[in-house]
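Same chain, two partners: chain A is paired with chain B first, then with chain C.
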Partner chain A sequence: MFKEFIQGLSITFKHLLPGHSTTVQYPDERLTPSPRFRGLHRLVPTQDREKCVACYLCPTVCPAKCITVESAENEKGEKYPQVYEIDLLRCIFCGYCVEACPVEALEMTAEYELANFHREDFKFNKKRLLK
Partner chain B sequence: MVTLTIDGKQVTVARTATIYDAAKEAGINIPVLCYAKKLLPYGACRVCLVEVEQMKGRLIPSCTTPVTDGMVVTTDSEEIRKVRKTVLEFLLVNHVVECPVCDKGGECDLQDLTYEYEVVANRFQGEKFDLPTDEVNPLIERNMNRCVLCGKCVRVCDEIVGYGSYSFINRGFETKIATAFDRGLDCEFCGQCVSMCPVGAILPRPFKFKARPWQLKEVDTVCGYCGNGCTVTLGVKANKVETIRFNDKTGVNDGNLCIRGRFGYSYVNSTERLTTPLIRKDGQLVKAGWDEALAAVSKGFKAAGKNLGIITGARLTNEEFYLLKKVAATVGTTNLDHSGGECYKGVTEGLKQTLGVTASTATFPQVEKADAILAIRSDFYETHPVFGMVVNQAVKRNHAKLSIVADKRGKFGKLPDARSLVTKPGLELNVLNGIARVLLDEGLAVTDGVAGLDELKKALAGFAPEQVAAATGVTVDALQQTARELAAAKNSAILLAYGLPYTAYSKELATAAANIAILTGNAGREGSGLYLCGEKANSQGAIDLAVLPGNQGLGAQAMLAAAAAGQVRSLYIVNEDPLVSYPDQGKVEAALAGAEFVVVQDLFLTETAKQADVVLPAASFAEKDGTFTNAERRLQRLHPGITSPGSAKTDQAIFQALLVSLGDKVVYTGTEAIFDALKAGTPYAGIGYADIGLQGAVWGGDHLTVSKQLVPVGGGATVDAPFQLVTGSALYHSGTMSTHASGPNAVISAPYVEFGREDAAALQLVDGDMVQVKGSGCELQLQARVDNRLPQGVLFAPYHFASAGLNRLYKGEASVAVEISK
Partner chain C sequence: MTPEVEVLSLSSHPLLFLAAMLVKIGVVFGVVLFIVAYATWVERKVIGHMQTRLGPMRTFWHGLLQPIADGMKLFFKEDIVPSQADKVSYILAPMMILVPSLITVAIIPFGADLQIGNYIIPLQVAELNIGVLYILAMAGLGVYGTVLAGWSSNSKYSLIGGVRASAQMVSYELSAGLAIVAVFMLSETLSTRGIVDAQSASVLHWYVFKQPLAFCLFVVCGLAEINRTPFDMPEAESELVSGFCTEYSSMKYALFFMAEYANMIVISAIAATLFLGGWSGPTPFGAVNLLGKVFAFMFFFIWLRATFPRVRYDQLMYLGWKIFLPLALANIVITGFVVVLVN
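Presenting the complex of A and B:
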């Protein structure tokens, strides 16, 4: 029985040896998330506007109901999002919005440092999302 | 009846049904694109193909194939699905698939079918359409790149609306729907084609990119404009009416609307709406709270007592009318009325003395089956457009003979079998008398159980067809034919419109029409009817609930005169802008100046409201709960879709609050309670609030029992002048309210005077010229329009616009002699 204890604990102790820790010394050290990580959203720009055509599919699919879109017509007669806003405090980072978008105008970036001081700062409007 | 088997189910349907109808009855859904319940079968899209045992070897379009006894139908099989999928692939060859930016997305039949039949790839390749969009008008956008050539727009505009904007042009792949000379759409903008298009090829522009269909809350209510009483479904998003949705499940209008109902909703969202009560202080109207305003109003009314005059418009709900009557009773006045020129006298007096009723005797759907129709004063297209569509269908589908007695030619006068009996304004009465005379002379008249025959005969001595023809310009032949058709008809309909701009000869015209109804046997016969159609959404309700001068009370005209003379000390004007809409502006001005205390309750700061001492902000139809009674006696429910702006209240709430501050103790728990209270002693007695279902409830049943008392009426008189002006309602507007709505304004936003071609040529006028119209001691500057509706010497100007000042000229007569100069 004693042998089994040693065997089991050896695994535990192995993890304590240097080089075996998964803890990262944030913020001195930062991880690179995997390519499919779901972080902050980004609206994909095209030459002179956002790619988003304000089809309302992302606000419709969003389970957290945190996307606000208001469509309008631009000078060229195209449909565009006059307002596009995501309330990240309510977002659950499920990525459905990205999946729903028929024109691939929305993606999720590796950006995960989203802490902030004011509630308003968690509302990402079109300008911030286009960055 | 025919019995057949569909997907193993036995179904028994009428002989005239198609396979599609039968399947629908059995609860089996067959996909369709080009089928619509209200249109004739067409068979353009081939999406509805089914298998029929007896017709093996090919698939059969279910929407055009009539049922036969013993038919065995399969609506779904591997093969059928394959063929339907192929049909969809064909449709998608040239279709520009841009659902993300297409406003139809979410309720597009093509999109739904493509999804259902999993058309994920297309075996066929072809060039995508690249046609320019048609945006020449402000209300309807057409994008032919999305068209599936189902022909519904073509058919609805022809079969139902009777306008005929569209047609297929070109052949093969080039086929498309176009307007005349492919110039783009310029029509009546009723929006029927918008509601019929199964895809996003025809869309309402005011709604462009506003919302997705699934975001809209749908609220069924009743159009707030005319007495036709169409049911409308509001599309509400974020407490704003964004559009009117297609709905053919409610009411009797089959989802048909006119431009006012379809595009005239925007005034409810207007930023110019009144949001707080206003009280005049030091000569200025300033914002005030409700408590202060109500205290001022009740103090003023109490001081006036029986010298208070109450004038209301006819767009209040029945419940509101009842409360308003209570206000009158509590204050102790009997001066109450609901229309300026007492145009409703046709119903209250004309019909009363002849048929013994005060409403239309039958319902709208019966007109569709009529064999002969007599339309008086207008072909009903301008005044009650959707009733006009019923007339059109009667003529087109049932080959009804239509005769129109009016002072101008109308759209329906061009229909096959239609006859226009165009007279000088004021002489319609003579024509009607002429028709009655023919009925008697030719022995066509029904005289059993009819009273007053001898007197009528005597009175018609001067109305021999030849005499009438000489006086009115209508041919003897036309009079005789009309009389004969009406007499021969199994079912006939006689239609007469009334309203603020049609005050002259109201009672006489209705009496003459009723005489014809009696003589032709129309009166009291099932399937036939005499229809007197009010101008406003609840004109009939106002009559049913007797919003009329009470015992020793004054009518609107007398009230205004008494106010000017200082006898009526206070005026309460609800939901009406008499300075603009009542005949004789000077009289209204004098009344407003003469009354010590004027209260106006309305949605906007109208011309009249600007003169008031207290202005109370009221609510639109879209904010109200209650009932309207339409021109065929149908009570229909309103449902609030949005809340009122600011502290504006519904008229119901205002009256309740006012009653409380006047000392009335009764408080109602809700609209239903008010309805229950108002029923006693009215025709609504037998109707429960809950019984007013999707199709409403018609009081008195489909047929009113009538008496048959002929009453002689004399002829009318016309003015003898080179030019005479008539006023009336233009198709695009209704009363003064629609001038606050961007839809109707997009088509007609300013007053005008219309000339016939001959007059325009003689005066060397073209569309858009400014002319001076001089008459009744005043002069108006109006823009000229040229059309081919008016006979020589007759001009027409709509009465809706405040800026026209038309009622300085028009004082309630049939027409006004005018001089025209450039």
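Presenting the complex of A and C:
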């Protein structure tokens, strides 16, 4: 019994010695998320427009039903999303939309500081998603 | 004719006596409260690091102003008295818990006698020839605060906490008291001053070497008596919310908090005085010796808290009545035999 007591005490004492803390002092130091991290979405642009062809696959697959797409045709006769909006308050960051996209027009970034002050600020429209 | 040197008393020089008394009380009280405040910081830091965290870091350098920030926060919190609570005892309870622990410090001697003019001033707030009894009495008083707090809150968790506290404190007080009995069988005095004098010859005269069992018993029982982890059954936040102080808020809660640390200081100081020679060794500075020992004990208590989980209630009772009590009794019997044989 006493041996175990001593063992326990020695472990905690070892941790007390400098260099054992694993805390990251968040706003001062940040961890880099892994490459597979699923953060804020981004619409991938090409030279003059977004890659998205408004195929409606992502709003269909989205389990949270938080993507709104409205397709339209531009002067070259190509389909493009007139409206593309993701409601991040409902998004569960599952990444299905990215997987579903046939033209790899959507990706997820490492951006995770998504707090905001107003509900409207969580609706990410095409302009914000293209950034 | 040269005036004799005598112990300063109220009759010999009332004014000087009062002044000396006030200074002593002020210093002791101030030091205790300062330690109470910074013990919270040290505890959070030490436990944090032991759990590979950092503890408070944001307020000033390494969170050094955290106790002040905490105090201010608690001060401005709303003071809630539950509508079904028993008002008088609800308000009385936090005071009843803090006061006994603070006044116990009065009999801890913290240095050699001071000589001013022809008067000797003992460095101890109150010189009582029944000091040890006083310690036990005050320890017994402390439990009323806990029980009253638990009962008057009129909440089931608080009540369970209070009832546990009473059972726990009563059973451990017994063993702690019996452990002390062995000490004054050796010292043949009940005054804390006398006990320190008896150990002052050298480090080897400390009672911890003559009474190692009593020392261990006293430290563990003391821990149980002041409800520190692993014996914090009355609080047991994982089962009883916060036990007897669940309903308390604002400064009343702060009083409980202060009482916990004040109790820690008191138990450390008593253990240091009774078993480790109090102020009388190893360095020539009385107060430094005592404070060093107190800090060592407090660090040990914090260390224990970071290491061990809470014991179960039946284990606690088993430990108290079936292991510690017989051990303490056996220790007294053996001490008695040895004392008789040696004399």
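One rule holds in what follows: the second predicted complex is superposed on the first by the 118 of 131 C-alpha atoms of A that agree within 3 Å, B and C clash if a C-alpha of one lies under 4 Å from a C-alpha of the other, contacts with A are read in each partner's own complex, and residues count from 1 in each chain.
Here, a residue touches a chain if its C-beta (ideal position, glycine included) is under 8 Å from a C-beta of that chain, and two chains touch if they have at least 3 such contacts.
No experiment lies behind these values; they were computed from the predicted model shown.
Novice: Touch test for A:116: chain B only (first), chain C only (second), both, or neither?
Specialist: In the superposed model, A:116 contacts neither chain B nor chain C.
Novice: Name the contact category of A:16: first (chain B only), second (chain C only), both, or neither.
Specialist: After superposition on chain A, A:16 lies in contact with chain C alone.
Novice: In the superposed arrangement, which partner chain does A:71 touch: chain B (first), chain C (second), both, or neither?
Specialist: first
Novice: Regarding the shared-chain residue A:25, is it in contact with chain B (first), chain C (second), both, or neither?
Specialist: Touch partner of A:25: chain C, not chain B.
Novice: Go through the superposed model and pick first if A:8 touches only chain B, second if only chain C, both, or neither.
Specialist: Touch status of A:8: second partner only.
Novice: Quick check on the superposed pair: does A:46 touch chain B, chain C, both, or neither? Answer first, second, both or neither.
Specialist: In the superposed model, A:46 contacts neither chain B nor chain C.
Novice: Quick one: which bits of chain C touch chain A in the complex? Just the residue numbers, please.
Specialist: 46, 48-54, 57, 303-304, 306-308
Novice: Which residues, counting only chain A, touch chain C once they are in their complex?
Specialist: Spelled out, the residues of chain A in touch with chain C are 5, 8-9, 11-13, 15-16, 20-23, 25.
Novice: If we count contacts the way the header does, which residues on chain B are in touch with chain A in the complex?
Specialist: 99-101, 105, 208-212, 214-215
Novice: Report the residues of chain A in contact with chain B in the complex, numbered from low to high.
Specialist: So the residues of chain A in touch with chain B come to 53-57, 60, 71-73, 78-79, 102-103.
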